[in-house]
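Before anything else, here is the set of structures, which you'll find just below.
Below are two complexes that have chain A in common, paired first with chain B and then with chain C.
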Partner chain A sequence: MNAPVNPFVARKSSARTIEHIAFGFFRTATYFILICAAVIFGFIFVKGGQTVFRSSFPFVNVPFLTQAPETLYVFQFEGKKMELGDRDFRKFKEERHIKDIPAESYVYSSGGIFPCIVGTVLLVIGSMAIALFIGISSAIYLNEYSKQGRFVHFVRLAILNLAGVPSIVFGLFGFALFVMFMPMLQDFRNPTVLSFPVGFGHYLNFSGWNVCLLSGWFTLAFMALPVVITASEESLKSVPKGFREGSLALGATKWQTIRTNVLPYALPGMLTSSILGIARVAGETAPIMFTAAYVIRDKMPWQVDHPMDFFFQGVMALPYHIYVVSSKIPQNEYTERVQYGAAFVFLVIVMGIALTSILLRIKMRNRYRW
Partner chain B sequence: MPTASSTAFAPTRSVGDALLNRNRFRILGLTPDDIIKYFFNGNAIVAVVVLALITIFLFREGVGFFGKSQRDLRLYRLAGLEYVDFIRHEVDEHTAMTRDLNAARLAEFQKLTAEGKTPEQVTAALASFDAFANAFGDSIEDVRGTLSDLSDVAIATKTKARVNEDREEQRDMLLSAGKKEEADKIEIAPVNFAAETGVMKGTLPAFRKVNDQFADKLGAALQSSPHVADPKFQAKIDAVHAKARALIASLPQIEKNMENWNYDAPVPASKAVTSFLFGREWLTASFWQDWYGIVPLFVGSLLVSIIALAIAVPLGISAAIYVSEIAGPREKGIVKPYIEFISAIPSVVLGFFGIAVLGTALRWLSQTPALSWFPGFPMSERLNALTAGCLLALISIPTIFSLAEDALNNVPKHFKEASYALGANRFQTIVRVLVPASLSGIISAVLLGFGRVIGETMIVLLCAGNRIAIPDFTQGLGAFFQPVHTMTGIIAQEMGEVVKGGIHYRALFMVGVVLFTLSLVINYVAQRIVHRYRISIG
Partner chain C sequence: MKLPDTAPMPHAALAPPEESSTMIEVENLDFYYGQARALHEINISIPANKVTAFIGPSGCGKSTLLRCFNRMNDLVDIARIGKGRVRIHGIDIYDPDVDVISLRRQVGMVFQKSNPFPKSIYENITYGLEIQGISDRKRLDEVVEKSLRGAALWDEVKDRLHTSGLGLSGGQQQRLCIARAIAVEPSIILMDEPCSALDPIATSKVEELIQQLKGKYTIVIVTHNMQQAGRCSDNTAFFYLGKLIEFAKTEKIFTNPSQRQTEDYITGRFG
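Then we have the complex of A and B:
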């Protein structure tokens, strides 16, 4: 008579309804975050893609990626609306023997962003090298050599606190230390600052390195340090203890053990997870604002008189350029191209680094299993 | 004298050493292994050294601010600017009331126009109000005249003192460079502050008269104020009435303050500290007097952070719960890296997005009639605290998410099992067992997210609107839609333009010190919470 009732079917109850609603809320919240991020990516990619890509061969806007920023001139000429970069505009006037054409000008809105890309790449490579070197060495000490004690506790506390310091404070610090204070070896005595003679007519002047690559490298590297140390330690910890014990039992010294039995397995992991942290630092603007970045610079970084000057020159950097073009010039159809284009290229560079790191990490996880 | 035991052991040890360390190459008594160890040790110290250097250099550049500020405040008093500011304060209050009246008139004007009246009719309807408003506005004119005269005197005195300071500096530099003759040539005519301020104080009786007239005129204007039909409009007028009465009542006190004022009263060092920490004004490159009060910046930072956290905390924690407890392994494998990936979006790109898209979109949204009931809508500015807060939320979500997810994962498995065994469903388990058990981790996640938000620079610099003023909290929720300036933003914006070593430069470093201290405190509290309340059952 009665249809067989499945005894395992959940009965309707208020607790169940609440559960459903709550889970729905959690799910919505999660996907809301993902969608927000996707919308931002979408906007930058679509609008920036219009600047960077072309529908015809070579499909990429080569001038945008290979030229320096220029001022854009928009003017009416013989009834036509013309847009020309600074150099073309001057040539245009010379060819037609016209002294002056009334034109609206927009700074940095023509030409490309090549010097900024170069500057950013230089900053990232330099700071990455310094941060990886110091960070991995610290991690080796903390994980392999140190014993639990006051000192190690202190170091860990410092690392933890360093991770929370705001980027602008790093900028101030870099400015006060590297730009304004670091010693320079010069062949004259600078009377306004601390100065020590070192012989041969040279003096160590504590006048600072000025706004330059070196200042930016160290500032960024110190900022990335906590991430690199934490990531490297994690990687070292994942190498099984038996590897070390086996090596030590065979009579190898501590360093031989680390070199042959720990680092080869830990290093790939260290590099990949550190890179994610470095991508974040590479995206920072505040620390390089006063330490390494110039608003505009005519020379390319390799155009220096003396090899040493390479380290002591300021560069144009993509994040700072984006800040300048988005805050210092108005928003309109002419300036929009360079704004979205620069944001797009920068996003691609930083996301590229981050994505490589994440993918490599997934691949690595499958490689070593012990 | 060596003890017996030490002599007995010595040979044994050296034999052992010799066996273990045969032919060991040593530099300064260190084996290569020791050297390698100390090398790594040295690198580990770098973190400590950097933290110490940050502290040292921030303070080195920043602490000089207080000395300079104290001297600045002293000059403010000596040159009589403080005296003039008593009058200025009175005038400013009156100006604010006039502005209120104008705003009320504008609102009424728009309302009447919306009701379909012609401009002529509206003007006619508002005629009695306009007469009152004009009388109200004109009543201050004489006080304003006195103010402007005295301002000129005070500024002239201040300029003289400043020129002297510069000359003294120049002379000191020449003297230190050994050029005594040139140094002697620099003439410094000391400023007679007593005489200069004496002239100003001499005008007090005249000012009293002016003030009395002002009070009379203002009182008369208030008497003539019309009664209007619209209750909202009337309420605004009444509010101005109350303020004006208060101003009239405060006039004798102002005069008394002016009488008691003494140009030579000492300025204690604590005044420099309090004027920085509790100063309600950050005003630079002003013709009158620069103020470096951190309060408007601090409030701005806090306001933006509150908005960001109000959005990020529910979203971040919900996502953490979803990913760690509800989502399947595949979904988890996509969502988790994705959210971590968000943390790598450069903040300057987000800031640009805020300027180019979000600000406009939010303002457009606030202008839709359906939402006009919301306090503060429509927004007057495209870039305001809300725009910045929304983007900051996105920045802090990955931090809150990852840490909260870790905390949830760290809850021992048998907690969950015990809860299920008692018949609780998954939601009940999450709310009653998992979240309370990992609460310390979640709170510290929120705190660290807060640290991330308050230290973020580019987004607030680009999107917060950069108006240095304490938001008008009388508007309730509307305060969230006002442009603000922040501590991080002010450093980034003004650092490039200041004179190195000047008071403004040092003030910015002091703001940096405040930020640095704040970040350390947040970190410390987060750690304490994790340690103190971590459940010991595991």
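Then we have the complex of A and C:
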């Protein structure tokens, strides 16, 4: 036998074993994340899908998406088990001239979640506008105008720290500042709080804005600011220095340069990362539960007497509704439907926002390329 | 006091006798980045309507001095002038009265890395005018044609004015940047290694262009290419370690330099 000895023949060695174990470990960790994500999504989709979808036309549970929450009444009638919402139950009794039917009642388990959807959308839009405005402005200041010295370093540190503040603390902060303290321009003197006359019979009363959209917007916006500022700064940094120098060398002012030759190219990146960040924050319960969210409200947000009242009304919101339904009232199969239905809708809304921001980026990227 | 931005520059009406008119005058200039001194006591008088080349080994402060002329160094936080003056048209451009915006309209700049904006060719040229608030379409059209012709680019791009400036070749992009600079009618054009990223053919086009421009503009060009300095400049300044070693007519610098360091550098003994 004079076959040549294969120098590369596989040999058992401890290094190989360790290699296998390490590889397997990392792979398992990755798959574990995937599985977790799949389970969460699957669970919500299956459970929530039962509430949101119907097996017959129109295939979607329209009342769930278009009506306000109602109390559900479950009762026996002529040997049949009936489930009716508050209004239907009353109509049912009137039609049959029955005074009273013994029934079990479950709050919020009938009707839909329409006011919550509206409230959440309003909260997202408002806080997004505020966070984008303040965040992009300060990113421009930090990145384009300020001297890169100790002060800016300190500001950046503060922003990073802000990102680590728990959401409930933001909620309390918003409560103390916006709900309890911010000034209102009113035509009377409020003797119980700080009050400054501003002339024409009007007073600046430091009585707070109360639980309202405005308080919620600012609280959420403040919470989203670290993300927005960081993302915006990254986008600004990615715009080549040559564009700025070229523009300035032609005699443009700094602001002209930023407006025409920096912002347009930085905006796509700014918007996508920021919108994603804000969508995450707007899904938080803690910051709005003291500042903007109502457990239940009969009127829709547009049913206000005076346009200004729009900003000073509380709203129902999906995350808070889910919280209330799953922890503030007795649990049963009926509340569970609302719970998962709302979670499902919420997830779809957040995914919709994410998708929009990605499409927006693709569209804007194609316009400016270098 | 502002720099005169409408008054006719000396070049047209009052053509100076040989070497008598100074456009940029630097007097005892010390320049620092933080604690590090980048320029030592520079004294130089750059004549009007001539091409002046700055040569010297890397890091000797050529770009720094050039960027003092249009105050681009203001953008560097740690940069500061220690002492000395820079005068353009006899006016100290670091005087608090001087408006840096109108200064930069008078002193155009072309960068090493060509940097057309990601806009159309047309918009690239009109940018400098639009930020001055000029929006008259006819006037803009005229300026675009004139500037592109001035930069020897018109024939190559006249059919694609509204396509992106980034679609041009490297050499065309650099000439577009030159066209953009002359569109605002500066009296001085500063060029920081304008050809270092170009191939020989594109380079010779830009050099030709510099020759055409020099009657109308005062041009200061930084270059690492000795032949280029020899070919297209009237005067050459040699810098070494932040100091101006020698400043003389280009022929003299290249044939009979009076300083030992200059000779060593141009004969390639260091640098």
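The rule is short, and it goes like this: the second predicted complex is superposed on the first by the 341 of 370 C-alpha atoms of A that agree within 3 Å, B and C clash if a C-alpha of one lies under 4 Å from a C-alpha of the other, contacts with A are read in each partner's own complex, and residues count from 1 in each chain.
The criterion applied here is as follows: contacts are C-beta pairs under 8 Å (C-beta built on N, C-alpha and C of every residue); 3 or more make two chains touch, one makes a residue touch a chain.
It should be emphasised that the depicted structure is a prediction, and the values quoted were computed from it without experimental measurement.
Engineer: Examine A:Thr66 and indicate which partner it touches, taking first as chain B and second as chain C; both and neither are also allowed.
Structural biologist: A:Thr66 contacts neither chain B nor chain C.
Engineer: Of the partners chain B and chain C, which touch A:Ala252 in the superposed model: first, second, both, neither?
Structural biologist: second
Engineer: Look at A:Phe25 in the shared chain and tell me whether it touches chain B only, chain C only, both, or neither; answer first, second, both or neither.
Structural biologist: first
Engineer: By residue count, is chain A touched more by chain B or by chain C?
Structural biologist: Of the two chains, more chain A residues are contacted by B.
Engineer: If we overlay the two complexes on their shared chain A, which of chain B and chain C does A:Gly242 touch? Say first, second, both or neither.
Structural biologist: In the superposition, A:Gly242 touches chain C alone.
Engineer: Just checking: does A:Asn332 make contact with chain B only, chain C only, both, or neither of them? Give me first, second, both or neither.
Structural biologist: It touches nothing on chain B or chain C.
Engineer: Quick check on the superposed pair: does A:Ile33 touch chain B, chain C, both, or neither? Answer first, second, both or neither.
Structural biologist: In the superposition, A:Ile33 touches chain B alone.
Engineer: With the two structures laid over each other on chain A, which partner does A:Thr260 touch: chain B (first), chain C (second), both, or neither?
Structural biologist: second
Engineer: Report for A:Asn161: first if it touches chain B alone, second if chain C alone, otherwise both or neither.
Structural biologist: After superposing on A, A:Asn161 lies in contact with chain B but is clear of chain C.
Engineer: Find the residues of chain A that appear in the contact set with chain B and again in the contact set with chain C.
Structural biologist: Common to the two interfaces on chain A: residues 253.
Engineer: What residues on chain C touch chain A, complex-wise?
Structural biologist: 70, 72, 75, 77, 101-105, 108-109, 111, 113, 115-118, 127-128, 131-132, 166, 177, 180-181, 184
Engineer: Would you mind writing out the residues of chain A in touch with chain B in their complex?
Structural biologist: Counting only chain A, the residues touching chain B are 15-16, 18-19, 22-23, 25-27, 29-30, 32-34, 36-37, 40, 43-44, 133-134, 137-138, 140-142, 144-146, 154-155, 158-173, 175-177, 180-181, 191, 222, 225-226, 229, 253-255, 276, 279-280, 282-286, 289-290, 319, 322-323, 326-327, 331, 336, 339-340, 343, 346-347, 350-351, 353-355, 358.
Engineer: Looking at the complex, which residues from chain B come into contact with chain A?
Structural biologist: Those in contact with chain A are residues 32-33, 36-37, 39-41, 43-48, 50-51, 53-54, 57-58, 60-61, 177, 314-316, 318-319, 321-323, 326-327, 335, 337-353, 355-357, 394, 397, 401, 425-428, 431, 448, 451, 454-458, 461-462, 488, 491-492, 495-496, 500, 508-509, 512, 515-516, 519-520, 522-524, 527.
Engineer: Going by the contact rule set out above, which residues of chain A touch chain C in the complex?
Structural biologist: Contacts found on chain A: 147-149, 240, 242-243, 245-253, 256, 260-261, 265, 368-370.
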